[in-house]
């Protein structure tokens, strides 16, 4: 499936109803795929972009993250069964996660991003019930960005020692002793 | 910040059943290949739970990349998966070249591919030796090293270093290949073709080894995909995940080779995939070594490389699996964020899944077939 | 040997002339024990050197070649180093058992040496239950290993010790039964008599097929008895670090180490005595010079020791359950059938006598 | 019957394995792959591209090619190179010219990546094939590459 088709299909899962209303009644059938009107996508839930990246990017609200991911994996047309990269990001004001997905069946790739501007207590839903590899990668993100994952089975420091202060990969992390800044 | 506080060991809270006990395998343990620590919950000899505790060799290479220029990042990747350092370098260089839309000469592509495949063989040689050692046949180690030394000599002559070569630079390779390179490589290929059958006779066919490996540490294809297994670990489970096939880079689209696949998913399958891969790498080298095109060995880049604003992702197949480089640039001379998707972290995460229910000996053998390099996991 | 024999005879007569009979025989025993101890401690060190050299030659290496001529004093230097090292131990170890274990292991190893007939005369004790004594003694050593592993207060050591217990208890069955097969021919447990029987052909030739099977079973079980690769579950350095002697250092570790090599020598020496005619030369070529027997004995033993080293440096290690499978599903049934075959051979007098 | 064929096959594979090691054992006199390092210093020759340490070659007039442009210092990822320089007046032309005072190289920090030598526009620094870098004190690893009293070769411009 190329990027356009993917965009249409995924967009159809989040039809544009009134803003702020959490989509609960997603259409069960896949007929929505044929309707080629991207404007139907609810812009407050989902937005697409291909700018500055070789993949199709989906920015999703964190409330919709788990829902979207589950559908991406389980829908037979998308079938994104391989999470090949899970990256924590510090965008300055916001913290976020970038998921790189691939389908081992169709070999199409997709990037899903989710951001939050809550730097004190950032949290997202875990996806490790969807892809088991996410367990360790989410723990890595938890180590270095302090992003918490709801429902994660074993969320504790993976690399850092217990009681480490600060989140080393955030941009505002300071450590005069160990960091050499050029 | 006081350093002392950071050095305190992690405390462990486990609720045991009465028969179960707890063993701390590592960080200094012969089978963990470095400083990996495994917290084992054991019932007699049966493994109940394996919990890897990582970070003993974490150097925060990703953070260091954020302060380094694009040329300087390359040499840091040598220190991640030091057994396939050339391929790691290549991954970063390809990312930068793609971002700059720089077309490197054909000669560079071929050189990179040949050295990459030699790296893969060298890595598998070492793995084979260590694999034998982990199951108790100590002699294999030296036989593996004998053949690996020849590759290291080739590297030293051309790249100037044996392990952390830093031979790739964005835009090409650092020097042209040494005049002896082609002859030495051919000699090696000839030599090694007689040695792989010897490997098979010494270890693969051995009845004890077969018994140790067959049906141990079974990983199904679905789990392999879900755990993000890549490289020989994934291919041993019948999961076609060779980046060289699916997303060919450098000169790999010009050669023909088979993807080594086994469907059993046990330790023996992973072992056999690596042995098959050595044959495939030899065939790739043979296809390319006589046809290295003439031309420049690098194209000039600016002294200060600035990537256009955007995000770049490049995956390559290292000896251990899929290495991804995710680079975010804001247009300055340093990357905004670099993430290395290392094959080791995904592969170690499935250890608990496949080792539970086996014996301590099985755990060691299974871990050896995962081919762990700890700096690659920790970065 | 006449000179040395006359020396021993002189000492013997002198001892009995200056003190009472009881005191003299006790002194004599102590003297013999001291000589054995000294000789076999050094011999054990050279076995270690041999192992290291052989390993090196199997592994494309050179082996120790620095200390002394071609490295001949390497293990001596190592022993000196070990003597001078601090004896460390764990805080919560059971001190008494912890300290006792190495002596237990080394003493039980040395005790077995007493009965070997190095030549016709050169045998410290010729008891009439020689083989029985050897089997009994060789399985006592495991108690020392169990004690050491248990008392160390270390889980790796404990696992190693428990594996050792399981292994020795299983495999001493096969050792015993394979020797029993040969006893059917000799009809005696006394080692000197067994050698006497072999004057008309070594037992491995006399007993032909069942003897060869018994020898193979004995070699496998004997390698397992000494806890050497491919049966080194006890140490299994890639699994347990150092196994039962993880917490031992210095001389106590050296005792364990030495005992392992002396045990290997004992297993090979038993095989030599039972299967290959002890000090008898092939076809009686040096029968006229009886003291050459010691060289024949050592030569045959070292060939078997080399075979065990060859095993060690070639094969991967078995898993602990496969170890038991091998014993109880393969070696033991084969052994039992083999005894029946041997009994048939002896009954029908199918023995090959030269 | 498979019981006996298993035993037969098993023993056969074991003997095959032993034949491999046995062959090596018999050829052990010439097959050794180890080197006896301190003894073979004379014959141990590194490849000409071997990265041992960074040196600055001087000619017979004690002149080097370093103009003090500091490109190597910038290229170095670890801060192994520090250049102390000054502007001095050339007595013949009367022009002020950059001249190095000390080219300091911390071998202990160097990762042998070769970026400094790539960056050098005048080939003033090159790799040396020295492989014996152990010293008794860490401070010995900090080296000044330009010899005392040396000066810039004529005609070298960056």
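Each chain carries a letter (A, B, C and D) given by its place in the written order, and its residues are counted from 1.
Just so we're on the same page, a contact is a pair of C-beta atoms (placed from the backbone, for glycine too) under 8 Å apart; a residue touches a chain by one contact, two chains touch by 3 or more.
Just so you know, these numbers come straight off a predicted model, no measurement behind them.
Participant: Taking each chain's centre as the mean of its C-alpha atoms, which one lies nearest the mean of all protein C-alpha atoms here?
Facilitator: Nearest to the common C-alpha centre lies chain B.
Participant: Compute the distance, rounded to whole Å, between the mean C-alpha positions of chain A and chain D.
Facilitator: 45
Participant: Just curious, how far off is chain D from chain B if you go by their C-alpha centres, in Å?
Facilitator: Measuring from centre to centre gives 25 Å for this pair.
Participant: What whole-Å value do you get for the distance between chain C and chain D if each is reduced to the mean of its CA atoms?
Facilitator: Chain centres of chain C and chain D, defined by C-alpha means, are spaced 52 Å apart.
Participant: Which residues belonging to chain C are in contact with no fewer than two other chains?
Facilitator: Answer for chain C, listing residues that touch two or more other chains: 58-61, 313-315.
Participant: What are the residue numbers in chain D that touch two or more other chains?
Facilitator: In chain D, 14, 17, 20-21, 24, 33 touch at least two other chains.
Participant: Give the residues of chain A that touch two or more other chains, as numbers and ranges in rising order.
Facilitator: 182
Participant: Going by the touch definition at the top, which pairs of chains touch each other?
Facilitator: Every pair of chains meeting the touch criterion: A-B, B-C, B-D, C-D.
Participant: Using the touch definition up top, name the residues of chain D that touch chain C in the complex.
Facilitator: Those residues of chain D that touch chain C are 7, 14, 17-18, 20-22, 24-25, 28, 31-34, 36.
Participant: For the complex, which residues does chain A have touching chain B?
Facilitator: Those in contact with chain B are residues 51-55, 81-85, 87, 89-90, 98, 100, 104, 107, 131-133, 135-137, 140, 143-144, 157-165, 168-169, 175-177, 179, 181-182.
Participant: List the residues on chain D that touch chain B in their complex, please.
Facilitator: It comes out as residues 9-10, 13-14, 16-17, 19-21, 24, 33, 46-47, 49-51, 71, 75, 77, 111-115, 118-119, 127.
Participant: Provide the residue numbers of chain C that touch chain B in the complex, in ascending order.
Facilitator: 55, 58-61, 155-156, 159, 229-230, 232, 236-241, 313-322
Participant: Could you list, by residue number, the parts of chain B that touch chain C in their complex?
Facilitator: Interface residues on the chain B side: 21, 23, 29-31, 45, 132-139, 141-143, 146, 202-203, 206, 208-209, 211-212, 359-362, 364.
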